[in-house]
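Each chain gets a letter, A, B, C, D, E, F, G and H, in the order it is written, and its residues are counted from 1.
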Amino acid sequence: MLFKMIQLIINGQLHHFDTTLSVDQLLESMTLMNKRIAIERNGQIVPRSKFGEQTLVDGDQLEIVIAVGGG
Amino acid sequence: MLFKMIQLIINGQLHHFDTTLSVDQLLESMTLMNKRIAIERNGQIVPRSKFGEQTLVDGDQLEIVIAVGGG
Amino acid sequence: MLFKMIQLIINGQLHHFDTTLSVDQLLESMTLMNKRIAIERNGQIVPRSKFGEQTLVDGDQLEIVIAVGGG
Amino acid sequence: MLFKMIQLIINGQLHHFDTTLSVDQLLESMTLMNKRIAIERNGQIVPRSKFGEQTLVDGDQLEIVIAVGGG
Amino acid sequence: MDTLNISDKAYSSRLLIGTGKYKDLTQTREAIDASGAQIITIAVRRTNIGQSPDEPNMLDLLPPSQYTLLPNTAGCFTADEAIRTLHLARELLDGHSLVKLEVLGDLKTLYPNIVETIKAAKILVKEGFHLMVYTSDDPIVAKQLEDIGCVAIMPLASLIGSGMGILNPWNLQIIINNAKVPVIVDAGVGTASDATISMELGCDGVLMNTAIAAAKNPVLMASAMRKAVRAGREAFLAGRMTKQPYNASPSSPINNIIASSKNKAA
Amino acid sequence: MDTLNISDKAYSSRLLIGTGKYKDLTQTREAIDASGAQIITIAVRRTNIGQSPDEPNMLDLLPPSQYTLLPNTAGCFTADEAIRTLHLARELLDGHSLVKLEVLGDLKTLYPNIVETIKAAKILVKEGFHLMVYTSDDPIVAKQLEDIGCVAIMPLASLIGSGMGILNPWNLQIIINNAKVPVIVDAGVGTASDATISMELGCDGVLMNTAIAAAKNPVLMASAMRKAVRAGREAFLAGRMTKQPYNASPSSPINNIIASSKNKAA
Amino acid sequence: MDTLNISDKAYSSRLLIGTGKYKDLTQTREAIDASGAQIITIAVRRTNIGQSPDEPNMLDLLPPSQYTLLPNTAGCFTADEAIRTLHLARELLDGHSLVKLEVLGDLKTLYPNIVETIKAAKILVKEGFHLMVYTSDDPIVAKQLEDIGCVAIMPLASLIGSGMGILNPWNLQIIINNAKVPVIVDAGVGTASDATISMELGCDGVLMNTAIAAAKNPVLMASAMRKAVRAGREAFLAGRMTKQPYNASPSSPINNIIASSKNKAA
Amino acid sequence: MDTLNISDKAYSSRLLIGTGKYKDLTQTREAIDASGAQIITIAVRRTNIGQSPDEPNMLDLLPPSQYTLLPNTAGCFTADEAIRTLHLARELLDGHSLVKLEVLGDLKTLYPNIVETIKAAKILVKEGFHLMVYTSDDPIVAKQLEDIGCVAIMPLASLIGSGMGILNPWNLQIIINNAKVPVIVDAGVGTASDATISMELGCDGVLMNTAIAAAKNPVLMASAMRKAVRAGREAFLAGRMTKQPYNASPSSPINNIIASSKNKAA
């Protein structure tokens, strides 16, 4: 079968993956699993409950955020 | 012929005239002829040059203004 | 024997007494005995210990003071 | 005859003169003649009219002042 | 020469005044003369039907040859009212396009309604009006109004007619530093020193009405304001000394003082 | 005519200036001209022995016919020093009796030493001097100095040469209200508006030196101060409007505005 | 009991603090404890990809059981950015709807962009957010934001992080008098007295960050702020004495003083 | 521990209060309790001859075991009156030597008469009194009174009972910087923030009476003042942030913000 590679823009940076993957798998690969984060995919929030289902496709733009100190 | 009376709202007040009249004739009747005024008719400015032409019709709303002291 | 009357100026007011008297006796007469007061006689402090000894003479000027609220 | 030298303290500085001299002569020697100055000698003002008469003696303390810019 | 330039016209006077609240037109005239103002604001109001036809007219007092009239939109609380009022003003003044835009927020404070002011400004600039715009001391809004194309930014010093002077000189300073068009303090000046301070901050001019008209002697106050604005402008151009909160600096020489123990020691 | 009267002499100018800290006598001269000042302060200092005999002299700059010279006691920290300095000044100026008394507390602040100032004033008044006295803004001391016979009370606005302006206008107001002799703000003025504010409070005059001499352009600042003092005086005489902290007051009529829902409701 | 009520929740503390600029999370924790604050602001930022997975997390520091977290939109310059940021914040905090909306005008002043703030507020309120909104001291805008449905109006005292205190207490007073929702001073507080003054004006609370975090001793300053806010609140409730600019009022009886000529006369 | 030390005695409270103007002794008692004050001023007055012998006595209210009484010379206008009053006070309090010296200039302002105050201070110090002296904000006089041997310098913030707060913080700062004995603001405080500001300037304590007694709710104001003084002291010790008049400083990180054109550009 044909090999397929995808590109994702995560927090403004280009990342390559040699296969499609779910949000869960992405977080796993980024060691962000079970961290207190929130994700926006192409301008839409990805509910935590959907991390397993949603499969990321080539060209997806993601914002992955955490809480930091601020006033 | 049939007698026709019209109503005009001038500066917010209702006025009756027993005949249609031009802006010029109105100003004449109000002794405002050649005074430094400006007129708005139904939300539109009536250029001074048109005072003779424009005939006022029943229900017209007029604002007739002058310059006064202000800061 | 000859009758002798004395005058004392107490807190700016003239008072008459039909006999010489000690500071103690004066305070007694003024129901100020054992009150927390201080006395100046003709510009000099009268120590509490001397109340019994000192005899007031005609023309003495006395200031009798207490503590009051103040800032 | 015996040679006589005098010392004057002028504006806080010690000056030697090999002879007694008048205020006039002192100013002459300091090229202050006819300048707009005022003189204090041992704490006393020396009127301009007395510049010729007064002879300075050993140990005299002089203040010679002018007007300067000030606020 | 140091002039205030608005819409390609140069003015030697940096004091702009209003014509409201005076005892009569004679006092208005005398106050204008004493102030030396060249830009004079007027209001536009309904003619009173049946009023004496020969009542004196504000415009007769102010020949365009001598003064630049600045019709305002005082009393307007919406963009629409302000726009219609300025259409009438332009017609009244034969096509005159330099106007003062003010859209108010409420009757109690007469504080500007920024949202409606911006809305009106966008439309009026497109229609070719040259807007001198009354605004708050919000530096971001001031810049937005400049970007829209207003020819002068006129932030308040304090509430209209309050005479409280400049309540927030820091915001005013930011506005002045950011602006490429003239910044004119409008509203709140109460006495001469308020005008002087405004000019010292670097304002290009000061617009006032009540401070003069409500003084016990309006004509003398007008004269005071004329001098106050010039004094402030000259002080700004001269460049003030720096402040030294806790250290004095003698104006007279500290040396060559006649003998004494104390100051020697010093 | 509105004049400042000191020791039976009337002055049209209410701005008094010092002659210290200028680049040279030419600049001093130009600043004096631009200021319009008629009363000019000078200091008395030891002549530098051996100095060039033809160095320009401050007195040549200021013909008594044109100016009233006001020798000061700047740099004196005791009554004795001040008294001796004024004896020399009087001799230097051919019996001139109008002088500025200042006795300082320390070199860092140049704040007046009130105890020594009062001591010197009592002696000097007896000797026939007409004292314009530099003092703090203590209203009781100001009254005591007036009672001693000083011809003018000159409270500081802030530290000499600090340019901080009027730090305590309330005390100054009390002094002005109590005084029967002229009250002249001396020291602390930093820019034109400080002078205007002083006059608006009701001061009879303002004395300054550093604010002019230390400006980037001293001559222009001198001109600004001249106008600022006049502006403040006129504003004081005109009688300012009353302040309204929280209520605006429209300058334009609030009735007869063209139709609209909003402001009808208002 | 006197509480600050926001979105149907009552808080005993009227001091709200931010968590930025501290040396570390330990100092943040100690400052929060010393301040007694119950509402704590946080920011939302991109996770740094590849950062150590076990770096301490701000949320672990602040158990929702103990604190009300207030995510902000600091750094957003458009309504769109602010809205997206708050969507992420709500998700991050499991549906939490109480947030701080701030849309800034420029990086130099961080002054609010009122037009974008109003635009964002209208949308976010519709989406069910409870907005505590950072705004200018414009009283008309404050009222508009309240009418849109914001649960708290948070006008600046002065520029964010400037520590300049309350530059325009008059505008703040108008906002307080008009508001039916809590008014909380946000930004500009520099020291304890600034917080006290805010509360004395009638504010319902004070939000600060830099004043504490940038103090030499942040934890001690946090303690000072806690007391300062309470002192100001109590003073407001107690009702201060009226000011008497020029007339003293003795605290001790003026009669029955021991004999003397002077005060008898008085 | 941070204490106020006067005449070898340490006090944990830096708030000193007077006992005049209260509704009754009960309210006086409650206000003292709420304030936490340890040093309490009282006045000395002629007993009213023929007054009810069992009227409550101020001294019974204030057990020396619990409070340090500070008899004052309020109402005295000459050194002689003040000295005689303190002789009586010392006798009244069984040899107590810590007293408050105040010699007033006039009844309208109650401003101190510095000349008489210095005269009295020299005599009383020689007689062994420990003087806490009420004075003006004249830094030279403050130093002179310290050199005479006063144990605390108590400059006014503004006129007694005026509630105007600190009119000249600059002078106060100079006094604080120069003093080696405690500096306590006495007179003029009107509300909590005035006390906080005084302490932030570096004062060692604050003495007040009218601000508490003339509040609508004196006991609550006393509680506010207790917190205000502590808040100001802690803020002073914590070391406030530096002011940045025109440049904001973000409290939240300015990087790692979610994507947007605008703030990237910024």
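Basically, a residue touches a chain if its C-beta (ideal position, glycine included) is under 8 Å from a C-beta of that chain, and two chains touch if they have at least 3 such contacts.
The structure displayed is predicted, hence computed values, not measured ones.
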{"item": "Steps needed, at minimum, to go from chain B to chain C via contacts", "value": "3"}
{"item": "Chain labels contacting chain D and also chain E", "value": "F"}
{"item": "Result of counting contacting C-beta pairs for A-G and C-G, higher pair", "value": "A-G"}
{"item": "CA centroid of chain C to CA centroid of chain H, Å", "value": "36"}
{"item": "Distance from the mean Cα position of chain H to that of chain A, given in whole angstrom", "value": "64"}
{"item": "Chain G and chain H, separation of their C-alpha mean positions in angstrom", "value": "30"}
{"item": "Whole-Å gap separating chain F and chain G, where each centre is the average of the chain's CA atoms", "value": "45"}
{"item": "Overlap residues in chain B, where contacts from two or more other chains coincide", "value": "11-12, 40, 63, 65, 68-71"}
{"item": "Per-residue multi-chain contacts in chain G, two or more chains", "value": "18, 20-21, 41, 43-46, 72, 74, 84, 88, 106, 109, 111, 160, 164, 170, 174, 209-210, 213, 245-246, 251-253, 256, 258"}
{"item": "Every chain pair meeting the contact rule", "value": "A-G, A-H, B-E, B-F, C-G, C-H, D-E, D-F, E-F, E-G, E-H, F-G, F-H, G-H"}
{"item": "Complex contact set, residues of chain E against chain F", "value": "18, 20-21, 43-46, 48, 72, 74-78, 80-81, 84-85, 88, 106-111, 159-164, 190-193, 196-197, 200, 209-211, 213-218, 220-221, 223-228, 230-235, 237-258, 260, 262-263, 266"}
{"item": "Contact set on chain F toward chain B in their complex", "value": "251-253, 256, 258-259"}
{"item": "Contact footprint of chain F on chain G as seen in their complex", "value": "170, 173-174, 177, 245-246"}
{"item": "Footprint of chain H on chain F - complex, ascending", "value": "105-106, 109, 111-115, 118, 136, 138-141, 143-144, 158, 164, 167-168, 170-171, 174"}
{"item": "Complex contact set, residues of chain E against chain B", "value": "17-22, 28, 41-47, 49-50, 53, 57-60, 69, 71-72, 74, 84, 87-93, 160, 207-210, 213"}
